[in-house]
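Quick heads-up: structures coming right below.
The same subunit A turns up in both complexes below, where it pairs with subunit B and then with subunit C.
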Partner chain A sequence: MVDESKLREKAAEVLAREDVRRLIGWKRGTYGFEAAPCVIKDASEAEALIFDPTCVQNPASFITLEEKKPVPRGQEADTRKIAVMVKGCDSRAIVQQLVEKAYDRDHVIVLGIPCLGVIDRRKAAALFGDVASQVSAKVDAEKVAVDVGGDVKTVDRKDILMDKCLRCRYPNPLVYDELLADEVEKWAGDEFADVGEFEGQSPEEKWAFWEEQFSKCIRCYSCRNVCPMCYCVECVVTKLQPQWTRRATDISENTVYHIQRAWHLAGRCIECMECQRVCPVDIPIMTLNRKLTRDVKEMFEYEPGVDVEAQPLLASYNPQDPEDFIM
Partner chain B sequence: MDNLNRRPRIGVYICHCGINIGSVVDVPGLVEYASRLPGVVVAREYTYMCSDPGQNLVKEDIKNEGLNRVIVASCSPRMHEPTFRKTLKEAGLNPYYLEMANIREQCSWVHPDKEQATHKARKLVEAAVVKAMLLEALEEKEVDVIPACLVIGAGIAGIQASLDIADAGFKVYLVEKTPSVGGRMAQLDKTFPTLDCSACILTPKMVDVANHPNIELMSYSQLESIEGYVGNFKATVRKKARFVNFNTCTGCGVCAENCRLAGRIPNEFDENIGMRGAIYLPFPQAVPAKYTIDPERCLQLTKGKCGKEGPACAAACGPGSIDFEQEDELVEIEIGTVIVATGYDVFDCTRKPEYGWEDIDNVMTGLEFERLVSASGPTGGHVILGRDKKGEGGYEPKKVAFIHCVGSRDKSVGNEYCSRVCCMYLAKQAHLVRDKLPDADIAVFYMDVRAFGKGFEEFYDRVRREGVRYIRGNPSEIYRTGEDHTVVIKVEDTLTGTPMEYEADLVVLGVGLEPRRDVREIIDLFKLSQSTDGFFMEAHPKLRPVDTASDGVYLAGCCQGPKDIPDTVAQAKGAASSALILMAYGKVKVEALVSVVSPDECRGCGFCMEVCPFGAIELVDQNRMGNIVQVAQVNEALCKGCGSCAAACLSGAIQPRSFKDEQILPQIAVLGVRI
Partner chain C sequence: MGDYKFAKTKLAEVIGAMSDYQVVAPVESGEVVRFAVVDDPAKVTLEFSNTNVPPKELMFPETETLFRFRLGGTDLEPEVPDAAARRAVFGIRPCDAMAYTIVEKLYNWDFPDPYFNNRREATTLVGYACAEPCANCFCPSLGGGPGSEKGLDSIAFDLGDTMYLKTLTDKGEELVKALGGVLESAGEAEARAAAKQVEEAEGKIRRSIDTEGIAEHLPELYGHPFWEQFSDRCLSCGICTFLCPTCHCFDIQDESEGLDARRARMWDTCMFSEYSLHASGHNPRPTRKERTCNRVSHKYSFFPTNFDAIACVGCGRCINYCPVNIDLLDILEKSKQADAKEAQDA
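Moving on to the complex of A and B:
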């Protein structure tokens, strides 16, 4: 586990640097099982920073969302660095963003935190119901100790941690300038059993499933907005000329939107599960992404977000690529 | 802007293409349908729209009806888009106001059902009408052509192309990887079917390229990089260090005689059956006649010392030409056109282990046999095998076997194609054996004999009359028996259906031609494509056989596919003339149908740059309200408008002109409506 006082000390030290503009990390949320992401600009604010299993949000999403305001004439653009705290899974987003030239490596200072898993608020709600007080938690290789308003309860890992944590293959950050704690041991593999299980259904069953799921969608675009890989200047989904997807929230347009979103993430999704986490109507968005992730891995032996030197999958070509789809 | 100010007045022209379209699609009905589509002013049919009267129909209507968009429903735009663009231009309309509906290849040729085909033709025409409304006028630009040509590879193809271009008065840079020009043809002894001495007809040309005032010969050099576009290429050539002063070396050969490794290194030019030293001239007629030190073998260069007294070559060299400190030199050249003439490699027999080439000394490839019978070869042209290292001893073979189609027409090694030269070179070699060893028993094992060229059949007849036995059968195995040189060929005579075992003491494998093993380097440099056989692909198999998909880059010789010498020379002359067209005219039109970037939408991920097969896209800094960001930029002279970039772009920020999403989507909408 990371020592929080060391984390704050390090954050203050980084923020004190001349060439650092701001730091993105986590602070205690006002209530419930999720910590709040926070952006701090001054070393004095570092006291608020925390890291525990409630720190589920992926801070890497914010790096590319930073608004580049017009620079008044005669002034220089602020090109100071951004410091960001990341878990293993979050770091894959940074790797993939670097692969896609979203920014230069020296634009960010990555403070890596080895992580043993974070809490799924939906699973927690099933165990604890609605919680209005602040929650903190501790996790080890076997159990999660949840402190709800001073009342500590120990829970089995699989009953409360995010699914991605149960199959996590990258608990340690893959890219960092500094590690804030000792590396942890990997505890799981990923056989894509969930994808196989889903695929085992008949086309009718699958279609019925998605029809129900997509019909719930209110097209708030939270899944897109939170995604660390979705950072086009203008998203094709909201473009009007030409208009690929209409704004109507009917099953047809919703289906197009979700397929388009999944497709745009083929070979890019780093499985942080943020899209599914933020969905207000509980659409299991990752089911689509996971299928693409597995296919990309099996067909092209490619895994996004693990190698800064890699070529983006959809921008590279190998004569040995499978061509089974060509009749 | 005129497309905004003027309402579209569309003319639709439907071609019968003889009976190609007319017999399947109801053309009069299609005309009737098209004439009622919105914006259509006139719709007509004609037997052959591409004919002069057909084109005149369009021109007349542009004048009389004030058409500002033209739709031709006929064949593929690959066939006649240039034709009709010209028609529009001649009638004073921007040529990019043309839209073609392909109702032949994509309709009448593939759909037997007349009704459904007609329905599809209607949809295709309607889609073209919708798109025609959204067409934009585009301007074709012209750029100057640098009057110089880079020829890569100095075999007979490269030599001939260089001489033709140089004789026409243009500069040629002839780059050759090995120390001497000449290529494969220089390795051959006689040429079929005329039995001309290969060296005798080649060496004068080799000398010519070296002496021609317009040719800069860069031997022992390799193309390092090339950038730019048709008419304006910048290339960097690495002149490898010979470790011999090129200007002072007289080619006397005293150095080679004194080399401590003389006669101890296999000579690549002799297909490794002859020997050379670490300092060498690959063959006596080599051009330039300058010695070269092999940096991988020379003791001084690899170990830093050579004998007690230092390098003997340097001590022996009269003019003091040997320079162990020499370094590679990078030369930058500017050229307008490129001819790729990189040639071939012969089939690697280790991929056919059942023929025992690796293990059995007297099983050799056709090319090795050429060196064996060549007067300049290691045995001075005597067919003698099994000599020791000093070149003594050995025996004359009594029974010689030739085997056809080794590595050609053979799916098991991945080469389905016919190499086109093996039938005849084996016949020639059989003749040479008969000539040199009148008493030898000669058998040729063949699948078919393809004697298709001028004088080939006559020559094949002659060889048979000389007592060369042709046995139809593809050997299954070649192995050695006992102590002597006897090699057994297991084969079934497929004409009589009898299995036989032929004993020989020399077996020549008629190895096929394959793409160069290092072909990838050239592909990466020029972004060339390959056909399924691995050879470079021409732009069109019938009508553009020397062009490539990269403008200004032409192909000559066996790099494009197996060829004999006359075909190679003919293609070299074709490539030279293609290159000369550009250089003589001095200007070249660049594609107007290029991709355009919307820099405000571009996120600078570079996917488009990575997938561009022409290297036409780069990322450049853009000032976005005071913030510097990277965005894609298209080099319009390099772009071919293929649209790969648009497919890769996630935000739709790059689009090929005339195929923009907003132009295609309405088409899809029309085509997608249910019947």
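Moving on to the complex of A and C:
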């Protein structure tokens, strides 16, 4: 596990640099299992930074979220760097953003944190109920120790960690300028068992499932906005002229939205699972993404977000593609 | 008004007896509980703290048709809900019912909105008092409470094996009459147990806000750097506003299929950048900072200035569901410490 005092020291050191504008990390949330991603601008604020299994959010999402106001005449845009702390999965988002040339490598200082897993708050609620006091936690290769107001309980990893962590292929950051702790050993492979299970159903069963799920959608677009790969300045679903997707919430428009979202992430989704985590009505969004991830892997032998030198899937051609699906 | 009771095991029977009404109640789908028209009384659940999506959608649906027309034609066919229709909403929490009393001020401001008003008039609200408030509930700070009767026609209390039902208005009494003989009459014992439960529930509420002075102070903080500690991590999604029982903003759009068209309104949110985007391309709220400031200021300053009521009922949803832990109470507390002199031009 990363030593938090070392993490704060490093953050303060980076923020003190003249060429750094801000740092994105995590701080303790206001209640329960919450951590809050935080953007700090001054070395004095580094004291608030933490890293433990409550730090679920993907800080890479915030690099492209910042909206810049027009620069007044006579002034120059602030082009100083952004420092960002990342877990293994988060780092894949940075790799993919770099592959897509969302920004230059020089634009970010990546502080990597090897990670043994983060807490799924839905699983935590099932175990601990509605917790008001601030919770901290520790994780190792066997167990998760949860500290609720001084009362420490030890829980099995599978009962509280996010599903993505149980099948994590990349616990260590894949791109970084500095690692804040020793690399951890990998513990799992990913056989896409969840996708296989879903694929086994008939088209009628699948549609009945998605019809119910999409009907719940309130189109708050939190799944889109939290996604580190959804960084288009103007999104096709909110475009008004021409309007490709109506704003009305009904099964037809909601389905259009979800299919569009999934397809736009084909060969780009880095499986941080933020979309599913944030959904206020519990739509299992990752099921669609995971199916596409596996298809892309099998059909094109491509995995996004693992190699900064790679070409984007849809902008590359490989004569050695398996092509099994072409008649 | 009257005091009634029924055995909790008879819930489905009581719901079934409301056959003169269209019944809307909390129904579980997956792990999400949401208000829905009841087709099978057995599906109604009382095992929820509060619904993820608030029942504001019962008066102000996510998407509603205002009128239909033919392209090229001049006739409009309004689709105004019938005020004389009878609808019973069973199991609404006191905070969500109180929200209607706030939002209806807006819907009757410069123009009485027949869509909202007729739905409200057609509806009899049977409340459901809270015995176990959530970690982020703070309704007493806004004049509500676990047993608040504001906006309700009757209120039910879960007393273990028995549900105690207290009617509060003529409409509430009328619904009881329509039920026929399925209810028994209740007395002092149930009323006392209910009062005790409410008192205990109030004691379990851990969060609060002193709203004194906030309405006057917030407008002085426009452009203040203190907003950035929250807005820098805001995703600009619609969770806090769509799940808010008092947020009432809507967008109006025309849609057509072939020559058949409709004008519809749908939930909109001030947290989307398109919300305040002008046709010229100028956006007066260009960043999440201005949007965060607007959301909080509207609830706690602009709305009370215009309508003499804070547009918040303390249900805690915006805190519970924010993916990045932007905590309304934290913002309000920190706003008190923010010095107006440090506010900059945005």
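Details
Everything that follows uses one rule, which is that the second predicted complex is superposed on the first by the 318 of 327 C-alpha atoms of A that agree within 3 Å, B and C clash if a C-alpha of one lies under 4 Å from a C-alpha of the other, contacts with A are read in each partner's own complex, and residues count from 1 in each chain.
One rule holds in what follows: contacts are C-beta pairs under 8 Å (C-beta built on N, C-alpha and C of every residue); 3 or more make two chains touch, one makes a residue touch a chain.
As the structure is a prediction and not an experimental result, all values here were calculated from the model.
When both complexes are superposed on subunit A, subunit B and subunit C fit side by side without a clash.
Residue contacts after overlaying the shared chain place A:Val236 against subunit B, while subunit C stays out of touching range.
When the two structures are aligned on the shared chain, A:Arg277 is found in touch with subunit C, with no touch to subunit B.
Within the superposed three-chain model, A:Ser5 lies out of touch with both subunit B and subunit C [touch as defined at top]. Looking at the shared chain after the overlay, A:Ser202 reaches neither subunit B nor subunit C.
In the superposition on chain A, contact of A:Arg246 is made with subunit C only, not with subunit B. A simple residue count on subunit A separates subunit B from subunit C, and the partner touching more is C. In the overlay built on the shared chain, the residue A:Gln320 is in contact with neither subunit B nor subunit C. With both structures placed on the common chain, the touch criterion links A:Ile218 to subunit C but leaves subunit B unconnected. Shared-chain residue A:Glu34: touches subunit C; no touch with subunit B.
Nowhere in the superposition do the C-alpha atoms of subunit B and subunit C come closer than 8 Å.
According to the touch criterion, the shared surface of subunit A, contacted by subunit B in one complex and subunit C in the other, consists of residues 69. Interface of subunit A with subunit B (complex): residues 68-73, 75, 77, 100-102, 231-236, 239, 241-242, 244, 264, 311-312, 314-317.
Residue ranges on subunit A touching subunit C, taken from their complex, read 22, 29-32, 34-39, 57, 61-62, 65-67, 69, 122, 130-132, 212, 216, 218-222, 224-226, 238, 240, 246-250, 274, 277-278, 280-282.
Against subunit A, in their complex, subunit B makes its touches with residues 600-611, 619, 624-630, 648, 650-653, 661-662, 665. Every residue of subunit C that touches subunit A in the complex is listed here, in rising order: 29-32, 34, 49, 52-53, 62-63, 134-136, 206-207, 228-229, 232-233, 235-239, 242-243, 251, 253, 255, 264, 266-267, 269, 272-274, 286-288, 319, 321, 323-327, 329-330.
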